[in-house]
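One chain, chain A, appears in both complexes that follow, with chain B as partner in the first and chain C in the second.
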Partner chain A sequence: MDTTTDGARRPAFAAAIVAAGAFAFEAWFFNAAGRRGEALAGGLIWAAFCSAIFAWIAIGGRPDPARRVFFFTAALAFIPSFIAHLVETRGHMAVTSAEIASGQVPFCHIAITTSLIPAALLRTLDFPAQLSGIRAAFYPMLAYWLLSLLTIGRGWCSWVCFYGGLEDGISSLPRRARVDIGPSGPVLRRWNKAILAFVALAGMGTLVPVYCDWLCPFKLVTEYAEPTSLRSFLALIAFVGLFLSLVVVLPLLTKKRTQCSLLCPFGAMQSLLDRISPFRVAIDTGLCVSCGACDRVCPMLALNPEARSKGRPESSCVKCGTCFGSCSKGAIGYAIRRQSPTPSLPGRTKAGGSFFETLLSPALLFPFTALSFGMIISSGFSAETMTRLVRLVATGSFLIGGGR
Partner chain B sequence: MSDRKSLFSRAARAGRTALLLCAAIGVPLFFVNSTWIAARLERLLRLEVEPSFIGGRVLAEFPDPMGDDDGPGGYAYPLGQGRERGELDLVDYIVRRPVSRPIWGDSGAFWQLDAYFAKAVATGLPGGGFRAPVLHVYVQVQAAKPGAAGSTETAFGEGELLRFDPAHPWDYVISADGWSAQAEIRSADGAYRAPVLAIWDIGQRRLSLRIGLEKAPPLLTSVMKGGSTWHYVLVGAYDAARDGHFAALREGANLHDGGGAKDELAPRVFDLLAPPGTCQASELASEDAPAGVFALVEPVEAGGPAPKAYDPELRRRLEAETAKEGLASETDREYRRAALPAPSPADASRIGELFDLGLEDRCLTAIVADLSAKPADPTALAYRGAITAKRADRAAGIAEKVRLVAEAYRDLDAAAGSAAQAIAEDRLAVFICRGSVSSAVPNDVFGRAAQGASDLDEAARIEAGLGDAASADGHLADAAIAYEKAGLRVEAGARWATLAGRKGLPAALRLLLLERGFPIEDRGEDSRRDSR
Partner chain C sequence: MEPFLLGLSSAASCLVSCAPFFAPALALESGSGRARRSALLGLFLAGRLASYACVGALVGAIGAAAAGFLPPETDRLLLRAGWALGGLLLLLGGLAGFEGHALCKHLAAREHPGASALGLGIAAGLNVCPPFLAASGRAAALGLAGGAAYFALFFVGTSIWMLPIPLLPRLRAKASELRSVARIAMVLLGIYFLVILGLLGWS
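Presenting the complex of A and B:
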């Protein structure tokens, strides 16, 4: 259907290539600059991969499927890096009294939900992490979260979160949904807000990170309390069950991100605070023909007839852009606050678009911002996994120092 | 009207574009500066980790002098296992408040004691051998009452070859060694024995002892009520074959035994936590071998009455003395400036003196001359770096200050890099210059305070080696201040504790110690006599 002439497209393509060049420089700077040997090789591989992903988005005109390839790969790369690091420093994946006493438990963004109120009111962190000094400490994570609010908002959940990527990838594997949970969307969407309220209040009342203690399914691929008592054994059953059901089985059956939509308190918090972010997904109600194709593909149950009539998805939208490709009318796209959407990059539209229009359009700037965020956050672990793979090929060892 | 509308629309568009650019460019810029931003947040929010995770709130802390891991003086480590000096050097001891309801743990109520060492190695691993320290903590949990079942003798046969203060007989002893995750607590009458979780954090150089209180006898659980407890903290070298695993001591060290014992009853303790105002060396040398009497040691009291605020009169006196010392030093510099020969090529050999006398321009000229002959001369580079840093201090504008400090570090780091092969005096100049600059520049911006402290430590060691104890003490105090700036409380405390044990310190150092709550030598009468 694309009737754009080559001449009209040229400035927009030039803009996309300039943006891709800028992104490649950024990827090199954060992943490879100043590194040597295996670390340089690993960093360059990851930088090249991220740069190719952005070029695919910028020139291809829409975020998916390139975003999903990046997001799933980053999540998969996170797991071996994290576990190898634990094995090297502790000799095991379990969290023991020694790690808790030494504040050696990494602080992840989801724990912000339980820590924020006690931190604000009591000046106490209810999590056995370091306050600063490493990326996975409280203050750096707080800073990343504040930055996300000012820039990508809930886009964190589809471009940055190393847990969400796993579920996003798994939910995209089946060709079609075997169970349709779309009609239950309005009820299900309230679930994670209820979980957020519970986690925040329980954290305040007990100074215990309740979500991390009992509800986090990702302990199976990160770290967990040693099952040395009935309590820790029950927690083990809970996190294994939650991982298999919410991260593997339900996403395969429903093609939806069930953990992110139902259980994740961080996602709920991002939804509530998403108004701070300048970027939105918007629906041009003039172009929309209410075919419902976008409702079916949305992995977060954020689209429904009511949302379409209002011209914006529900607050659970993670700005992944999966719906853009499903809309035959090009009615959905990234936008700035209350502006009309830019369905895809101007270079792909009939109008063509000037160099600067393309460069400064939300369709290009949002992926640039969000992928920068994801690429920089993942530079700590995905680039390290690449480094370890290079090491594995070169020396036959995945671990640095051989572990304990 | 339409013009205004168009203008408004263009302004809105420009605003949107600016917003978008900020968001897009802001992300990488933020991450480039994320350490700085996190440091600002830390300063703004000032949070603490819930204390029960890390062992409970601190009840009492006892810094111990560094470098006193030689018992009464002169003890040598056993020669086996490749032990290094500092591994048996206790530098801090912390008594925490008991935790009644621990979070995120399987254990019930517990009481944690932390011992910090100057140096720690991963023991129990191949190559690490059994070189870990042995730590015994004898605790009296309640003030002695008539008929109470405490003991003033060691719990382990010959054990440490010590006896304990009869006013404070111990009720429980916790014995731990760094290579095992399991320590043990036992009562003085032997009726109660239980395992204690020992957490050896190599990075922090800390051995934490977590004593379970759930099934403990009432006497031990009485620590939950608060009140004073008395602690004898003893460190020895590990020897599995000895009572209590404290290695024996001989006149000369061998593979298993330490050296330096003056008689057969010399305590087997390399480091002892001596109460404030007492001296480890004299306590550990108090045995009477001919009479068969062991050395007598005294405990530290945790949770006792708060230390008295320092005497304002003493402070005033010390301030006056400090001012007098400063004046004398300035007069001396004036005299040396006047006696300085006219500028000449010989200035290249007196760069340090010119710098010390504040003659920056003349010093720089001498440095340039020196560097043209010896381009990598560490002393000249170090002083040039120090002068550049001084200029940064006087410069107007933050950007200029940062630029000059970065320039100063180019010289200072180059000097430190080439100082390894230099003579002691040159290395001393390099470490003093870089250490002083690193201690003076804002740590939030440059993050150099810890390195500066380490440089000043090295300067103190070199100075002591050259026989100038007074200057060594000054550098040690500077190192302690730099450690405080870097937030390394334990390291700073150990250095202050070291200085607190020295005699004849100048008033300026005694004032610094007084401000930090250390008991100091009061030479008030002398000072008043001097002033008369």
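Presenting the complex of A and C:
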């Protein structure tokens, strides 16, 4: 082992130990209060998993594939937990008109795109959720989103969003893309901004969450309005069609996150507001040899020759770091504001800096911050899914109390 | 003074509910100067005033003699007519920006932003919202001329927050991208307003 690599690994090991402590504290803080002991145990197991993921990132010198393992696992943990909870409390996944009228639907972060302006100007929520009192209410989600915006920005879409995790995992399954949509990227990217404008304006005009009513593909794996009329039946067909096409078939064919790139209004909003975040992905134009390898692997259509020449990806970049591993020159990495990127190859990690400089470099600081947010959001449902799996093995039932 | 204050107190609500009608059209003009944007907003507001005055006169004329305010089915009809008209104008305006298809070229050749802004203002004026209902309740007792005057003053109060919009900075660098995003959004809004809300009445 050369001294450069060795010098870079000591702070990486130290960072992994610090992160393990922080994640264990988060698991205790968000799972212990007022909940069963098994929830805390599940939370601590999830914290150990996140610590292992961070150690893999820190010592490996790049986020992927460790990030993707975390992200996909969290998404897979979310779906059974959410659906099982619905079946236990309602007896089915469909949300009834009475539940909508009483505002008992958990608030989803994507609904911030339509709820924000009416809530700010009219103090009215256009989504049938509670304002406060539970974790899945409007104000807690708003506070969490604002905090993440100030730190990781659009990194939310590759480290926190449990919907994005599902698509990210599916898009990584095939070995190579069968359909190349790279060159159409700039034109296609305008679609999700247009969808954002559409859902925000239509929501303002009608005080109805239009995206949730008609366009959200993830209704299929969460909850949807009971199909009791032609309208709700057509909406269900739209959800099925969008899920199969944008979350399953197109990601498998293109290896791109098509729903996140083209449809998701929350992602578009994060792109527009990402400048608030201090972290960004940067390209060292001095090291870049314009081979285009990063363009091909970017799941978000954020890299192209023009972006590379500017030294930064397009605003659709979700800071996943998938491109880092494709660059043979180590020219792409995380950076703070307008600094040069921290090189992403393990043997090239800044060994010239002091221990603390390396420890606090964006290459370690961003994954730690992003994983912390991901851990906070996912620890509750991941712990619950683990508990349910144990129950399934012990009792043969995934449901707590057998459901209704 | 009362209708003006009623309008003023609900100006935020009016800004929010009218935004889908004027925001895309103004986004198309994000690279234009303030004079042009002011003129378009002026036409939008003129259309809105025309709608308000007509509704006020209608409410005043029939309301004094009958129910005292607009019956629910009339509200619903007005609302759907507003959505359908606004949706149609947004759809035509959005499609005019796409090249390649004969229909889009035909629409682009006949595109008239001023007339479109006026029409969208008329549609927005029919968007029955809670402050609008409150005003119609008061106008009902005032007769034809009184009702129209009441709604005209109500309109002035509701428009306060819209007046600074043309003063927003000109976006030359991003104007092309913004225009293309606005066109797509207009088509989507047009389809949603015209078909879902206007024709099918699924609000």
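To be clear about the criterion, the second predicted complex is superposed on the first by the 356 of 404 C-alpha atoms of A that agree within 3 Å, B and C clash if a C-alpha of one lies under 4 Å from a C-alpha of the other, contacts with A are read in each partner's own complex, and residues count from 1 in each chain.
FYI, contacts are C-beta pairs under 8 Å (C-beta built on N, C-alpha and C of every residue); 3 or more make two chains touch, one makes a residue touch a chain.
No experiment lies behind these values; they were computed from the predicted model shown.
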Superposition-derived comparison: chain B or chain C, residues of chain A touched: B
Touching partner for A:R231 - first (chain B), second (chain C), both, neither: both
Chain B versus chain C as contact partner of A:V208, first or second or both or neither: both
Touched partner set for A:K193, first chain B, second chain C, both or neither: second
Which superposed partner A:P278 touches (first chain B, second chain C, both, neither): first
First, second, both or neither for A:P140, with chain B first and chain C second: first
Contacts of A:F30 with chain B and chain C, given as first, second, both or neither: first
Residues of chain A at both interfaces, chain B in one complex, chain C in the other: 118, 206, 208, 231
Touching residues on chain A, where the partner in the complex is chain B: 26, 29-30, 97-98, 100-103, 118-119, 123-129, 131-132, 137-140, 142-144, 147, 150-152, 206-209, 213, 225, 228-229, 231-232, 278-279, 336-337, 339, 360, 362, 365, 368-369, 372-373, 376, 404
Contact footprint of chain A on chain C as seen in their complex: 12-13, 15-21, 23-24, 27, 127, 177, 180-182, 184-185, 188-189, 192-193, 196-197, 200, 202-203
For the chain B and chain A complex, residues of the former touching the latter: 16-17, 19-21, 23-24, 26-28, 30-31, 34-35, 37-39, 41-42, 45-50, 53-55, 103-107, 112, 125, 181, 197, 199, 201, 203-204, 208, 210
Touch list for chain A against partner chain C, complex: 117-118, 121-122, 190-191, 193-195, 197-198, 201-202, 204-206, 208, 210, 214, 231
